[in-house]
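Okay, got some structures for you below.
Shared between the two complexes below is chain A, which pairs with chain B and chain C, respectively.
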Partner chain A sequence: MSLLLDINNIETCFRTEDRVLKILDGVTIQVKKGEIVGLVGESGSGKSVTMMSSIQLLSNSGKVTSGRVELDENGKNILEYKKNSDDMRKIRGGRIGMIFQEPMTSLNPVMPIGRQIQETIMEHIGLNKEEAKARAIEMMKLVNIPDAEERYDNYAQQFSGGMRQRIMIAMVLAAEPDVLIADEATTALDVTTQAQLLEMIKELSVKTGVAVVLVTHNLGIVARYADRIYVMYSGNVVETADTLTIFKDPQHPYTRGLLNAIPRLTDPEDRVLTPIDGLPPTPLARPTYCPFYERCNYCVPDCAEKPKPQLAEIGQGHFVACHLGRAEKDEKAKEIALKEGRSRPEKHISDEICLNVENVKKSFDIYKGLMQRKVGSFNAIEDISFNVRRGETLGIVGESGCGKTTLARCILRMYKPDGGKIELFGKDIASLGRSEMKPFRSQMSMVFQDPFSSLNPRMTAGDIVGQPLRIQKMTSSRAEYEKRVDELFRTVGMDPNQKDRYPHEFSGGQRQRLGIARALALKPNLLILDEPISALDVSIQAQVINLLEELQSSMGLAYLFIAHDLAVVKHISDRILVMYLGRVMEIADSSELYENPLHPYTKALLSSVPLVDPEKEIGREYIPMKGEVPSVMNRPKGCPFSDRCDHATEKCRSTIPELKDAGNGHMVSCFLYYER
Partner chain B sequence: MNNTSVSNTYDKKLARRERVRKFLRTMFGRKVVIAAAVMLFIFIFIAVFASVLTPYDPNITSPYQAFEAPSSAHWLGCDEFGRDVLTRLFYGARVSLIVGVLAVIIACVIGVFLGLCAAYFGGVVDVIIMRCSEALMSIPRIMVSIALIVIIGSSITDLAIILAIPTIPGYIRMIRGQALSLKNSDYVKAAEMQGANSLYVMLTQILPNAISPIIVMMTQQVGTTILMESGLSYVGIGIKIPIASWGTMISNGKNYLITQPMLAIIPGICVALLVICLNVLGDGVRDAMDPRLRGEA
Partner chain C sequence: MGKYIIKRILQMLVVVILVAVVTFFLTDMLPSDPVYLIGGDELTTEEYDYIYHQLGLDKPLAERFVIWARNALHGDFGRSYTYHKDVWELISARIPVTLYLSILSLIISVPLGVLFGMITALKRGTKTDSIITLLANVCSCLPQFWIGICLLVVFGLKLRLLPSVGFHWPGEVGIVQHIKELIMPLICLSLGGVASFTRQTRSSMLEVIRQDFVRTAHSKGIKERFVTFRHIMRNGLIPIITILGNRLAYMIGGSMFVENVFSIPGMGTLMVKSVSCSDIPTIQALVLLTTMVSCMAYLLTDILYVIVDPRISLTSDSKK
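And then the complex of A and B:
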């Protein structure tokens, strides 16, 4: 098939105040008609910059300094067009459309969305107003927006995130482009919405013949949806092949490293994640030799002598930029396998109940108007009951807005629950006051999601880690305090000599380690981890997961692991609790839950998660979920899932099913399993 | 063991000295900040040693010298009562600096504390503090000051307090806005979860991150306060005649703006210079307080 978009060896530089940073170091990407190409890499690898460069969307400080971008193999380098020339604008939007991560900022908030689509059509296709409006409605129907005619005059903020992204797609596709670039377009969305959207993009690609470039850091997404994959690292493409080959026979050490670092739903229970050590080089300090050399465990000293490896074809359409041949790498792989042979740290789960939560409720009031009058309230969480044993990890999964964080804050007593019991080693803390809570503070602590906002930027790392010790006056002398802080640094694998540095001098992974060290300062028994790794890159995620597992094993900690990434939760948890709209849907052992999900919601949720294994994806059933997650404010009267469930009966719609044991400690709240 | 702890404290001392050095280096990284610091030092020096620097008394009038032109005896000439202008300028620096700086410090401490409380506790506390500050803001500054002078008096410290009060709402509003957004950040939550009390959270977690705009505001307020004081003196209720302040000198000089323009212009230049110095220094301090700009590495 003929080439549609040919990005050939482009280099892009960004000018900062005093130097020029080379962000892209010769990137070649080819897109054929009608195919879906995946572009994966960690943050800062240059994925987005590549696509932006190709359509000249870079900010003023960025410039493509060499290379060619061609459309249709017609020999015309489109980089030669002026940035804002008519020719370039016709290509941008007309031939190549792009959707971004943040649908809210991409849509004009003061113009009805229908009008925005209409304008695009008038601009690029040249239809008159009425025709364009008809076509806009057609496009909205194409991307499955219900009641397209009525919603034509709605504004962006009247739509949910998923719907806004659909509108963006409709707007881009309305101009009938040949290439659609989706730059992390589904990253900000929930798994089920993400699956809905990507399924739709795939369908559209078949239906309209548009080629798609999926720019993402999520290997699962490309495994499930892409035909061909480019792997980027530090401004270079290091490997490219069709999807099956990349996952079955990865040849670049970086690709192998990535695949070894991510947890999968299909993993056996004793799988150990192998993180890639170190950090990617900054564009400023990128070496002249292989940029992956420092982190590579296949490398030979020779690699540092030779110039940067170029992409070379080693199989049908399989290009790799590595000096080592297949035989050398296989040899080395055996060696590495022998050397590592690490097993998962042992778990010590005792029968002692560490945390017992019974029927916890929390509602929030809604205030409105100038006088902030109370106009109503909604229950963020209802009837939550579960327990965690000492040394155990309980995973909590659910989509955004399901009440995970509210629950965590209730347990930590940031909020006062409206009812129910929260027992910490048998003592109910649900209604204690601030000062009564103080002695219990040392027994549990929290690790936050965002490693950038969870550390006070004005305090040194040592002060941050030691803060709980100072607050609770746990150490009697200065020397003892310093000793304890040093010890905490070492516990999380950091050098105590870095105590005097400030948070901004650390990388994301290191900051998260500091967050963990701070949480461990008071020797707690229970650690609540609220999405502790979702802000980190794949290779760093594995480091933190392994650290958490080691700490649990050596200190006998109980974890409450809150996350939306089901593969990660599956990997780290012993038991998993599934939440939906503030209620518990299902609790089961993690392997049991994945092998034998009972609740229709759990089933749909699991089928939405891409597997990072294209072979297993073939023929895998995808259970599409109807509609969208309703807001907790208009939760259905009966079972919260009843209006999206295929099995819902009259009973489901009128009464709330209780959480009941369906055998083997597998608890589920669904009428389907009551009578059996 | 003993050894390590010794080397540890040694390291600590070294590290602290290093930090101070970095602080100063960032602060004085720009030449203009050095110039401002030197300038401010000169002003302070003059204010402190006014009585040594000049042979004249600032307040004794000698009518036959009225409006005398600058000469080797009177470098800047004499004013309408024959008092040496330079001498009055020196003594005026004392009053202006004390009133300006003291008023700003008083206002800042009270305003920042109330603002933090309003933001952190919210609810009734917030409503009370904010409504009161709005009430204060709705009355013209000069009227508040006049009313207060009647109640409190008009010595130098009284004046500082009086000039501070109408500026408090500005600090409250500014710090409250900053603190409201910081109060929900994860590190504040973390400290609360560790069992920290409200005062600790406000002072160690929120305040250091909210202080930058306050410092800039303070440096600007010194200038405004000095001008306010001169305004009050102009109406005749500020610093009691014959004590010299830059404000009184400007307002007196205004009467002779056409014939003897220098009488008002020279103290005016002094006020302007002092305000510029403080602004530049304020910027320097703000930069140096931010570890990200300090370039700790």
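And then the complex of A and C:
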């Protein structure tokens, strides 16, 4: 197939107050007609900057300092056009369209969405106002926006995140471009919405012949959707090949590292994640030799002597930037496997029930008007029942807004549940008052999602970790306190000498370790982990997951692991609870749930998760879900999933199914499995 | 929308009534005795009692308020103690002057300020930006009366180019003289306005330029001027409306200095005079009027918000 977009060895620099940062250090990417190219790498690797450089969309401080970008192999370097010249504008938006990560802020809030689509059409297709409007409505229908005519005059904030991203796609495709760049376009969305969108992009690509560049950090997405993949690291492309080759025969140590670091849905139970140690170099500290040298476990001393390796073809379309040959790497891999030889820390699950939750319910009131009158209420969570044993991990999965966090807060008694029992080692704490609750506080604690905002920026790391000790007066002397804080630092693998530093001096992974140390300060029995790794990069995620597993094994902790990433939940959990619109849909052992999901919602959810394995993706069934997650305020009367379920009957729509054992402790609330 | 405006007008009424009550009771607590203000210092007891009764001061405070409020509703604010004229007559002669000056000054300062603001925002970091921004910062801190006096000394007294005091309608003195009389007060009134509109436009545009949807607009390849006007300006307008509302609300109070410096017979001079003479009926009427102007200005601002920013009306709808 002929070459469409040819980004050739570009270097991009950003000017800051006092220095110039070289963000891209010679990146070459080629996109052929109609293909889907994946561009993967961790945050800061330069993925987005590469694509934005190619269409001159960088902010004023960024500049492409060398290299060429060509379209259609016509020998014209489009970087020579002025940024806002007519020629460049015809390419940017007309031939190459781009959609962005933040669906909430990427559309103009004060211009009706239809007008925003119309604007693109009038600019690039040259239709008049009425024709462009008709075409815009056509485009809205193409991306499955219901009631397109009526919604033409709506504003962005009247749409959900997934719908806004559809609008973005309609807007970009309206100009009939040859290349669509999707820059982390589905990252902020729920898995089911993400799958809906990516399936649609794939279909549109087949239908209209538009080439797609998927910029993402999610290896699953590229495995499922891309034809070819570029792996980027620290402003360089380190490896490129077709998707099958990248996953079956990765040759760059970084690619191998990434693949070893991520959990997969298809993993065997004893799979150990191998994190990549250290952090990528900052653009200022990027060495002249191989930028991955410091973190590479294949490297030989020679690597630091030679200049940065260039991409070299080692197979059909398979390029790798590494000094080592295949034989050398295979040799080394054996060595590493021997040396590592780690197994997963042993689980010690006792029969003692640590936390028992029965029929917990929490509703919130809706207030309105000047006097804040109560006008109604909605149940955020209903009839939640489950238990967690000592030493066990219960994963809680569900899409945003399903009540995961409300549940966590009820258990921690940050909220008072409206009904039901919460038993901590047999003692019901659901209705205890503030002072009665105090002795129980030390038995459970929480690790939060965002390691950047959950640590007080004005407190030192030592003070943050030691704060629970001071509040609960757990130590009797200064020396004892300091000793305990040092111990906590060591427990989470950090150096106690860093006690006096402030949170901003730590990396994301280190900050999350501090959050864990703080949670462990009072020697709790139960740890509630609310999306503890979703803000971290892939290689760092593995470090934190491994740490959590080691801590559980050595301290006999019970975990309540809340997350939306199903592969991670599967990896870490013994049992999994699936929530939807505030109700429990299914609870089962984690391998049982993945191998034999019963609830139609669980089935659809699982099929939405891309596997990190293109071979297994072939022929895999994708169960499309109808529509979007409704708000808990208009939960269907019967089974919450009844309005999106293909199996729903009259009974499902009118009666709420109970959570019942379908055999082997596999609990499911669906009429399909009983009373039929 | 209609419901929203009615709701806001009702809220305004509450404010106006509260202000009326508070002003009435506060002015009653003033230490000066209105009887002496009207009759002079040397009064016999009989004369004093007569005026005291005439003013209704022998009635209880609450009753006097009810009478005053009832009359005020009929447009009767009583007689001025100092001018010995009907208060409404006094005020109505002066409203047009103040209104005329204030509106002219807004007509000058909004477009100029927005224009300068756009220039500085789009040329951020250049010499043009630095110079205009510096000037705007300086001008927005200069006190009006100081600018007024400087202008007066230079153009009125030294160069004798412009008349230093007075204000007449074109019908009275002819258009040329009218414009000459206007120049200095208008510069004085508008300089601060231009400066603050420049500063606000600049910062709100810079804020918008960083937004993701502006990047989206650029990525669509539409013309630069469409990006600027359709996407950046429309969003940048919102904070500018706030300033506009503030300046409208401050219209009467703001003209006080300028009218006094240039001896213009407007509301500002009347206010200063009535306060210094404890002319209670005039003060009460002026405070009420100022409150109403402020309320109207804020209502106008809120309506403009709804027009410019659909998010505001949408959120109030969704709560219903």
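The rule is short, and it goes like this: the second predicted complex is superposed on the first by the 675 of 676 C-alpha atoms of A that agree within 3 Å, B and C clash if a C-alpha of one lies under 4 Å from a C-alpha of the other, contacts with A are read in each partner's own complex, and residues count from 1 in each chain.
The rule is simple: contacts are C-beta pairs under 8 Å (C-beta built on N, C-alpha and C of every residue); 3 or more make two chains touch, one makes a residue touch a chain.
Nothing here was measured: the structure is a model prediction, and the numbers come from that model.
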| Given the superposition on chain A, are chain B and chain C in a clash or a fit? | fit
| So, does A:Glu102 touch the first partner chain B, the second partner chain C, both, or neither? | second
| query | Should A:Asn84 be classified as contacting the first partner (chain B), the second (chain C), both, or neither? | reply | second
| request: Determine, under the contact definition given at the top, whether A:Ile656 touches first (chain B), second (chain C), both, or neither. | output: neither
| request: Have a look at where A:Gln157 lands relative to chain B and chain C in the superposition and call it first, second, both or neither. | output: second
| task | For A:His124, select first, second, both or neither according to whether it touches chain B, chain C, the two together, or no partner. | result | second
| query | Of the two partner chains, chain B (first) and chain C (second), which one does A:Ile623 touch, if any: first, second, both, or neither? | reply | neither
| request: Enter the shortest inter-chain Cα distance between chain B and chain C once the structures share a common frame, rounded to whole Å. | output: 9
| field | Complex interface listing, chain A residues touching chain C | value | 55, 57, 84, 88-94, 97-98, 100, 102, 105-111, 119-120, 123-124, 155, 157-158, 168, 171-172, 175, 368-369
| Of all residues in chain B, those that touch chain A in their complex | 5, 8, 15, 19, 185-187, 189-196, 200, 204-205, 208-209, 289-292, 296-297
| request: Would you tell me which residues of chain C are touching chain A in their complex? | output: 211-213, 215-224, 226, 230-231, 234-235, 308-311, 314, 319
| query | For chain A, which residues are in contact with chain B within the complex? | reply | 412, 414, 437-438, 441-442, 445-446, 448-450, 453-459, 464, 467-468, 471-472, 479, 482, 500-502, 504-505, 518, 521-522
